[in-house]
Amino acid sequence: MTQLLEIRDLTCGYGRIDVLHNISLAIGAHGNVGLFGPNGHGKTTLLRAVSGLIRPRSGSISFNGTDLTALSPKAIVELGVIHVSQGNRLFPDLTIGECLSLGAYTKAARQREAASREEVLSIFPKLKERWAQKVRTLSGGERQMVSIATALMSCPKMLILDEPTLGLSPKVKEELCAAVIRISGHGVPIICVEQDVEFLLELSQHLYLLNHGEVGAEIKPGQTMDHSEIMSLYFGK
Amino acid sequence: MDAAAQIFAGGLFQGSLYAVMAVGLALIWTTIGVFNFAHGVLMMLGAYVAWQLTEFGLPFFAVLPLSVLLMAGFGWALQATVVRPLIGRPNIVLVVVITTLAAASLVENGALQIWGPRSKQLPALGDGNTMIFGVGISLHQLTIILITPFVLLGLWLFLHKTRLGLALRAVAQNEDASLLVGLNVRALYGLAFAISAGLAALAGIFLGGYRFMSPVMGADPLLKALIVVVFGGLSSITGPIFAAYLIGFFEAICSYYFGLYWTPALLFAVLIVTLMIRPQGMFSSKTRGLA
Amino acid sequence: MFNRENTASPGRVRWQDEAALMLLGFAVLVVLPFVVSDSYSRHILIMAFIYAIVASNWDLSLGYGGVFNFGHLALFGIGVYAYGLLTKFLELDPWLALAASGVVSTLAAILVTLPILRLKGIYIILVTFGFAQLVMQLVLSQSDITGGTQGMVRIESLYIPGHNLIRDQKFGYFYIALGILALSTIFLRVLVRSKIGASIIALRDNEEYAVSRGISLARQRVITLAASAFFTGVAGAFYAAYQRNASVDVFGMSLSTIILSMVLLGGTSTIYGAIVASFVLTIFSESMADFGAWRPIITAVLIIAVMLVYPSGLSGAAQTIFRSLGRLRANETDNRPDATEPRTSR
């Protein structure tokens, strides 16, 4: 049975420096996947390799059997792999409406644009109020919502979220987490990178710890791990 | 009163010219983030292509759009050879300055070879002169003053009301995010260059109608466009448009009171003062990652 | 940070070794006129020397300083016209005028540095570009004394007492040009290896850190640009004295483009790279003299090709070769099996 996303022996980095070393992950067999680990250890690099922003030095990434490593970011988006990147700079001078319109740029997404928009607004009703406002006038939490909403407009077959709750206040965080879980409930497989391990556990039962560019630990569903055990994994002995 | 009207008309004309010249340059800077030093040469080539088409016997109302289209294609080709291969390099701004400079030298000498050094002239956009509000102005100049706002409006509508325009604006604001949304950023670069070249060609045709054309005619307009873009702000397209008219009037006033010789020096002084007080330009709110 | 390509951090090669090599290089050049005896070939070499001076000084501000002074050739042009005007209107002694032109160019460089003291990136390029254009306009507008588009003619030449410079098949000029090149190169290399040089490089590589360590950005920038101007101006003056005429072509884009390509072809921040590339390009360009108007076109194509394919230029290639040779040698003599030096080169 082909995994949804299979990463094998991936080595990649920036310039001459490798960040990921022979990393292997299999995603999809157990639903959503969470990635956690110390900063600067390759989580974002891994995601960027998947979405095609970086070319790996060696190894393979395949989505539903299709090899992604040779594809352009555009082609990868057309396959349905949608990456919401870290931070929420987005498009500062576009309005929310324009961002969502942009999200539905690919042909397939464009055909479903009206339906997607309805769906998105049901998950993030707040956006309707600010429809004509430019992104840079929004709060951090709202911008994050726009990021995810834009991604949803692209009709994702797999959604990749890079630290969606970074820098958000607890209340906003809760809202966002609820929204993400709702999205998951609609049937979109999600890969989520997060510092907040609690949230990850809510979202998925399959977790990977990324440490020094390698898989430090894998927590499969059924494995019950104590919170303190996870913390010690995270911080090392 | 007469002097004021004369200055006003002169300023309006110069401003229109500068606006068309500068907006293409600003477009490339905001979308791709490089400075196209071949921009002046594109103006020159636009004029010469138009001239050649008129020599072939085509009527002028066909020559204008055809030249603009041909030059748009040339702009795409230029980008494909000397800009696109460099994308991803750390010092791309510097390298593109050099490659576009070299390309400019190439095109300039090529034009010299093909058309020779003797000055040529394009037919004007309207023959003769007229009087408006007591000011004598040529129909060519008047046409330019009237056409320019429509051209700029057309550009604005394209950028803000079409999907392609939206894509272009997105690329200007966040390239990574554009890639992740599935935009073909490279093709959009080509589009930006094509539009810029088409606008340059239009400016060249405007110039060629009332000044003598020569293969080196693009150097001075390039410098002016540069001043306008820096003064207006490098983070948007509307900034340079305002700046263009402002500088057009400034130049008209300077020429009237100080004569033509000192105007370049004064303009340069304007450039320097602007950069010292407000490096991001007069009409922009933030810099676009320019360091 | 120390192993960054194209960074000649002081002490990388012992200065005694470098001095020896430089001496060797110049020794070869010194005996050249005895091998190359026709006037035309010597002329080519003299032009190569002049371009080498201009290019290597541009490398100081561009490569080491990281400041793209688009008006560098204007400094050359200022040297040209300063010499012409000083000898013609002030009837200054040619040798004095030569040195004075260097000073004039230096002052002009300081003047142009003032507005760009704290600017970054593209703004420096734009302002200095504007400066170059402005100087050209100035020269053109003061046509009573500069000759405007016609230029200046019958400029006073240099002299060597007891020797006729004009009728010696350019033998004398050769050595004068070589002498200026030698002085310029020694000056540049000493500067680059000094503490000032190190601080210039530090500002280029990591401005915030350097400033936090007490290096003044403004002061270093002025020093860098002024230093790059002196011999450029002198080269301009020599050019005027040698050609005995001056024209505004020196302010044109084409000359700037050619010299810039020499700097880039040679590889920035090496000084020597620019010099070697100047020789290569000048001789190459001369061999294309028959192509007439195609020459600038071919040159332009070449520049584009080099920038696309080999951004580090010749010296980048040379460094890569030396590095791999060095590693080979190191492997043989390395008797510290647990050396943990990070392998940043590849």
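First chain written, first letter: the chains are A, B and C, and each begins at residue 1.
Please note the rule applied: contacts are C-beta pairs under 8 Å (C-beta built on N, C-alpha and C of every residue); 3 or more make two chains touch, one makes a residue touch a chain.
This is a predicted model, so every value here is computed, not measured.
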{"item": "Between chain B and chain C, the fewest steps along chains that touch one another", "value": "1"}
{"item": "Relative to chain B, chain with the most remote C-alpha centre", "value": "A"}
{"item": "Innermost chain by mean C-alpha position", "value": "B"}
{"item": "Mean-CA-position distance for chain C and chain B (Å)", "value": "33"}
{"item": "Centroid spacing, where centroids are CA-atom means, of chain A and chain B in whole angstrom", "value": "42"}
{"item": "Separation of mean Cα positions, chain C and chain A [Å, integer]", "value": "51"}
{"item": "For the chain A and chain B complex, residues of the former touching the latter", "value": "51-53, 72-74, 77-78, 82-85, 89-94, 98, 101-103, 105-106, 109, 150, 154"}
{"item": "Residue ranges of chain B touching chain C (in the complex, touch as defined)", "value": "35, 81-82, 85-86, 89, 91, 93-95, 97-99, 101-106, 109-110, 112-113, 219, 223, 226-227, 230, 234, 261, 264-265, 268, 271-272, 275-276, 279, 290-291"}
{"item": "Chain B-facing residues of chain C, complex", "value": "68, 115-116, 119-123, 125-127, 129-131, 133-134, 137-138, 141, 253-254, 256-257, 260-261, 264, 293-294, 296-297, 299-301, 303-304, 307-308, 311"}
{"item": "Complex contacts: residues of chain B adjacent to chain A", "value": "163, 166-167, 169-170, 173-174, 176-177, 179-184"}
